[in-house]
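Shared chain: subunit A. Partners: subunit B in the first complex, subunit C in the second.
Let's turn to the complex of A and B:
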C-alpha cells in the first residue's frame, strides 16, 4: 500500500451552469476587487513610494526631491509631538479596547434576554453608529457631550498622575474624559456579539441547567467559549476603529502634515508618518491576536482530546486485529507442516 | 489554518488601509497643460489684453456677494474675460488639492505666504507691477519695505485686503468714570495709563476693565516699539528686513501679561472668568459697556459696532484710535492684517490675471466699483447684511477720490474727527509676520507656538525676556532656511551667490 502512487483527481470540465455561476460570483466580487485595487492597493503603493521623497505640489507639476530616510529621521528627531502622540495612542488603545469589548458584550447579553421593547433598545444602542460620525462627533465632543458631567475628571487625572507614569496616567485619564464617547463606539460590536449569542444552541444551556449549572457557570463555560472568536474579531475591529477615526489626534496630525504647505511636510512626510503608524497599529493587532486568538478554549481542547483518544483506540483495535491475522496465518502454516499440535486431552503436553 | 491566515490577511488589509489613507489618493499632480510666466497670451489688443475669450478663476477670502458684483464690473470692462470665483475654506488643503488635481486658480489671495512660496504658487509679477503708473500712488511702506517681495528683487504678491490694527475707546465708559478722552495722536505710555485708570472695581455691579483684547498688545508693541533710527522695524518680532530681534517683542509681551495678571484685562468669551464677571458664559466684552479700551481687529467695527442700532442697544459710543507708538511720533508704522494675493505660476494669461488681481485688490477702478456697492445699503449679502458691514477692507491706494468716498461710509457726526485722525494715521501699514516674512510660519509652528510662550508668560510662570535669545536664534534660522528653500536654486532661484552664502551662514551657525 505504501508504494502505491497517489491517484490524481481527474480534471473535470465545468458545465454551462457552473461556468455561469462562476461568472456571477466574479461579478458580485468585482466591485470589491475594483475598490481594493483602486482605493487601497494603488494608494498604498503610492504612499510607500512617496515616503522616500520631499514632495512639493506646485501648479506646474509635482516636484519629487529624494530624501532617503530623511522623512523618518525628521519625524522622530525634529517632531517631538509624533513620538508623544504614539505613546499616548498606545496606552489609550490598550486601555480602551477592553472597555469597549466588555461593554459591548454586557449590552449584547442584556439585549439578547427576554425584555420588553427589545427591538427598540437594539435600535437605541446602534443609533450612535449612524449619528456619531465625522463632523457630528466633533461637535458633540466640543460641546462636552463625551464626558460624564458628574465625574470630576481633574481629580481622577491628578490621582492617577500621583502613582502612574505621566503618559499612562494621561491615557487612562482620557478614558474617563471620553467615557460616553467610548461607549458610543460599541454599536457594531454589540451587533456582532448579538448575532454570535443567538447562534449558541439553547440545548447546551438546557443540558447545563439539568446538570445544576448556574447562570454564572453557563456564562463562563458555554457563552464565553462559544463567542470567543467574536471577542477577537471585535477587539481587532475596535483597534482599527480607534486608530482611524476622526477623533484620533494622530490621524489629524497626518492629515495636517499631508496638506501642510510648508516645505518640511507634505505628502512625503505624511506618507512616512502613516506607514510608521500602520506598523504600530499592526503590532497592536498582533498583541490582541496573541492574547485572544492563540489559546484554544476548554471545550475545544476536550473535543480534541476525545478525538485523539478515539483515534488511539481505533489504532489499538487495528493493531490487535493485525496481530490476530498474523497469528492465524502462523498457525495455519504450522498445521500444514504438521508441527503444530493442539491439546488432545491426553495429559501429554 | 486557512481560516487563520485569511483572518490575518483581512486584519492586515484593514491596518494597511490606514497607510493608504495617509498618502495621496488624487494621484500625482502635474498640470502638464499649463504654462508658466509669459505663457500663451493669444491675440493681444491695443491695450495689451488678449482678445481671446478666456476664463480666469479667482479664489479669495472675501464676501462672495461683494466679489460677485466686482466680477461683473470687471467683465463689463473686459467682455471677453469670464471671471469665476470661490471662497477658500482652508488655504493649504484647497490649494494643494487644486494643484494635485490640475485645476489651480489663476489668481488667489492667501493668509499664509509660506505655503504659497514653498510650493511656488505665485508667479513673478514685477514686469506688470513696475510698468503700472497707478502703483506709484500706494501706501509708502509697500514700496519701502517691499511688501509682497519677501526680501527679493522680484514681486510675487500684493496686499489685497488691508485692515490696520486699531484701538477703540468707548466714550461712554470714559465719561462714566470721569476720565478725559486722550489725544488722538497718543503714545503707548498714555494708552497703558488709560487702561489702568479705567479699571475700577467698586464692588457694586460689574467691574470696569481698562482693556478688552482680540489682538495681543505684544503684537502691536512689536511694531510700535522704537524709532526708525534705533531699528527700522519692518515686521513682527523686531524684524528689520535682515534679521529678528525679539527683545522688542519681549517688552510688550511682559507688559501685556503683567496687565492681565494685575486684573486690568477683561475676560474672554466662553470662559469661567467671563461667567463670573457678567453672569453669562457667552458674553463678549465688547458688548458689556464696561470696557474702556479695545485692542480689536478693524473689521470688528464694521461687522458689529458699525451695524445700525448695535451701539445704542448695548449703550456704547465707540471711536477709533491709532495703535500708539512708543515715541511721540505723528507718522508711524501700524501692524496690519494684509491678505496677500498673486497670479499663479500655472496661469496662461498672466497679464490679464494681473489686471484681475489689481481690480479685486488695490486698483482704483476696482475701488470705485467697491464704493458703489458699499454705498448702496440695499445690496445685501446672503446673511442680509449690507456689504459695507461684511468684511469691507480699507484701500491701500492714496487716491483722494477713493478716500473721500471711503470716509463717507463711516460716522459723519461728532465722531467724524476721530475717524479722520484715525484714517490719516494708518498710511504706513506693516503686515503681520505670516503675510510677509518667509519662514515666519515655520518658526511659529516649530518653536514659538509649540512651547506655548504666551501661555507660560500669561500664567506668570515664565518671563518673556528668558526666551529672547533662543527665540531670536530660532527665528533667524527659520527665516534663512526658508529664504534658501523658497528663493534658492531649489525654488524660484532669484538669490545671488552672496545672498545665498549669507543665509547659509545663518543656517550653519544655528546647526553647529
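Let's turn to the complex of A and C:
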C-alpha cells in the first residue's frame, strides 16, 4: 500500500512542485527584473520620447517643445562634428576589434605552450585591466606614452593615405599611433582565450599528431574551431569596451550636448544623439555576430547539405507517388465514363 | 677521409636542425627563442607607458629640458608627487574613492549572486526572454538611458549622492552587472543539483538552501565579481562624474580618477594661489597619473593571483 502511494505521489504533485519552483525562480530574479524595467526599459522609452522634443529647463519648470525630426536634421545638417565622429568611430571599431582579438589569441597561444614564468607573463598582460580608465588614458596619450617609440608614425600614415580613402587611412593611422593602448585593451580577452585553450582535450592533439598532422594543421582544424565561440565573445566584449570607453569622443560629446546651454541643444538633442549612437553600436555587434556567430563548421555544413539532398529526394519520390495516385484516379474515372478497359496490371487484358 | 668528414658534417647538420626546429616529441630551441623573444618584447611594450610615467614623474624641470636625460632622472625629485597629491587632495579622494567603489560593489555582488542563482537553479516561463534581455542590457550603451535616468535622479534629489550608484546596483543594474549575473549563472550551473535537492529533502526552503549550500560554494565566483566590480567602479569616471559627483566642482563625492580628469584646471588654480612649488608640466601630470593608479596597482600586486586565475575558475568559458 505504502509503496504504491509513494510511486503515485510525485506524478500527481509534479505539476505543483514545478509551479512552486517557477514561482521561487521568479522571486529570485525579481530584483533584477524590477531593475531592468526601472533603469533600462523605462528610460529607454523615455529617451525615445525625448528625442522628438526640444527640452528647455526654465525657472518655471521643464518645457517640452515638439520639434518632430528637428533634432536629427540639426545633428546631421548643422553640426558637422557628430557625423564625422560617427564615421571615425565606425572605422576605428571595425579596424581595432580584429586587431585586439587576433593579438589576444596570439599571446594566449604563446602562453599556452610549455613556458617558464607563465605566471609572470600573465601578470604583465593582465596589468592594464587594472589601470585603464578614461582620465589615465587621456593623460598617457597626451604625453605621447601610448606610441611605440621605434615606430615612425608619420611615414606609416602618409603611406596609407596614398592608397586608401582618407577616413579609413586616418583610422588605421590612429591605430598605429595608439598601438599600445589597443594592446592594453586586450587583457581580459587574453585570459578568456587562455582558459579556453587549456580546456581543449590534449587527446585531440595527440590523435592528430599520430595521424601526421603538423602544428599548423592542428591550429586550424582543432584549436580554432573549438575556441570559435570565445572569439565571438571576445569580439563583442571588445566592441562594448571600446564604445563605453572614455577615449571615445562620441560619448563625451553626448554628455556635453546634454548640459549645453544653447537653445537648440539639451536633453532632447542629446537623446537623439544617444539613440543613433546606440543603433550604430548594435549594428557593429550584429556585424560581428553575423561574421563569427554561425555555429556550424565544415562538417556540420556537409551534414546539412546531405540532409537537404535527402529531403529533396524524398520529396520527389512523394511527388511521383502522388502523381501516380492521381493518374490512377484519372484513369479510373475515364474508365467509368467511357466504359472501356485499359490494362491496370491485374487480371487479363 | 673525405667521406668520413662529409658524413660527420651531415650528421651535425641534422643534429643542429633537430635542435633548432625540434622533433615531433620535443620543441626546438629555435621556436622557444622566438616565443620568449616575442613575449619579452611585447611585455616591454606593455609596460612602456607605465615605465615612462614613473620615470618622468621623478624628473625636475632641468631634467625635462635636458636632452641627455631620457629615462633615468638625475635626482629623485619628489616634489612633483607632493604638489600633485596636494592638488588632488590625495588621501581624502582615496578614501572617498574606496567608498564610491566599495559600497556599490557589495550590493552588486549580493544581488547578482541571488539573480544568477535564480537563473541557474530554477526553470520558469520566460526565462529565455529574460536571459536575452540580460544580454541586451549589456550591449545597450549606457548613454541612451543616461539622460532620463539623470532626470529621474535629479527629481529624486539623488544626484551628487552615493545613492545614484547604490540604487541601480541594488536592483542588479549597476556597472556591468549583466556580466556578473552571467558569471554567477555559469558558476551555479556547475554546482551539482543533487546537493541542493538533498538539502531540500532535509527540509530546507529555497532561500535556506541558497544561503547554506550555494553561497558557501561560490567563493571563487564571489571573489572574481568583487574584484572586477571594484576595479570597474574605481576606473569609471564618466558616470561617476555625472551621477555621484553631479558635475559640480565642489561636490562632496569625488574620487582620484575624476580628480585626475580635472587635474589641469585644479592645479592651475592652486599654482595661482601660490601653494605649488612647481609649474604645471608633464612631470607633475605624470606624477598625478601615477598617484591615481597607485592604489589599484598595490592591490593588484597583492591579489594578482586571484585576478589572473579568476576567469579560469568561474568557468566563463563554459564546459
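By our rule, the second predicted complex is superposed on the first by the 254 of 349 C-alpha atoms of A that agree within 3 Å, B and C clash if a C-alpha of one lies under 4 Å from a C-alpha of the other, contacts with A are read in each partner's own complex, and residues count from 1 in each chain.
Here is the rule we use: a contact is a pair of C-beta atoms (placed from the backbone, for glycine too) under 8 Å apart; a residue touches a chain by one contact, two chains touch by 3 or more.
All values reported here derive from a predicted model rather than from experimental measurement.
J.: So in the superposed three-chain picture, is A:61 touching just subunit B, just subunit C, both, or none of them (first/second/both/neither)?
T.: So A:61 only meets subunit B here.
J.: Based on the superposed arrangement, let me know which partner A:334 touches: subunit B (first), subunit C (second), both, or neither?
T.: A:334 sits against neither subunit B nor subunit C.
J.: Kindly classify A:310 by the partners it touches after superposition: subunit B alone (first), subunit C alone (second), both, or neither?
T.: Neither partner.
J.: For A:325, using the defined touch cut-off, is the partner it touches subunit B, subunit C, both, or neither? Pick first, second, both or neither.
T.: neither
J.: Which of the two partners, first being subunit B and second being subunit C, lies in contact with A:110: first, second, both, or neither?
T.: second
J.: With both complexes overlaid on chain A, does A:267 touch subunit B (first), subunit C (second), both or neither?
T.: A:267 contacts both subunit B and subunit C.
J.: Just subunit B (first), just subunit C (second), both, or neither: which does A:224 touch?
T.: neither
J.: In the overlay, work out which of subunit B or subunit C sits against more residues of subunit A.
T.: Greater contact footprint in residues on subunit A: C.
J.: For subunit A, which residues belong to both interfaces, subunit B and subunit C?
T.: 36, 39-40, 43-44, 46-47, 50, 236, 240, 243-244, 251, 254, 258-259, 267, 270-271, 273-275, 277-278, 281-282, 285
J.: In their complex, what parts of subunit A are in touch with subunit B?
T.: Residues of subunit A touching subunit B: 36, 39-41, 43-44, 46-48, 50, 56-62, 65, 78, 80-81, 233, 236, 240, 243-244, 251, 254, 258-264, 266-267, 270-271, 273-275, 277-278, 281-282, 285, 289, 293.
J.: Which bits of subunit C are touching subunit A when the two form their complex?
T.: That would be residues 24, 27, 35-36, 38-39, 42-43, 45-50, 52-53, 56, 111, 114-115, 117-119, 121-125, 127, 130, 133-134, 137-152, 168, 170-173, 177, 181, 206, 210, 231, 234-238, 242, 247, 257-258, 260-261, 263, 282, 285-286, 288-289, 292-293, 296-297, 299-300, 304-305, 307-308, 310-312, 316-319 of subunit C.
J.: Applying the document's contact rule, which stretches of subunit B touch subunit A when the two form their complex?
T.: Listed in rising order, the residues of subunit B that touch subunit A are 4, 7-8, 11-25, 27-32, 34, 36, 90-93, 95-97, 99-100, 104, 112, 114-116, 118-121, 344-346, 441-442, 445-446, 450, 482, 485-486, 490.
J.: What residues of subunit A sit close enough to touch subunit C in their complex?
T.: 18, 21-29, 31-36, 38-40, 42-44, 46-47, 50, 107, 110-111, 113-115, 119, 121-136, 138-140, 143, 145-146, 148-149, 179-180, 183-184, 188, 191-192, 194-196, 198-199, 209, 229-230, 236, 240, 243-244, 246, 251-252, 254-255, 258-259, 267, 270-271, 273-275, 277-278, 281-282, 285
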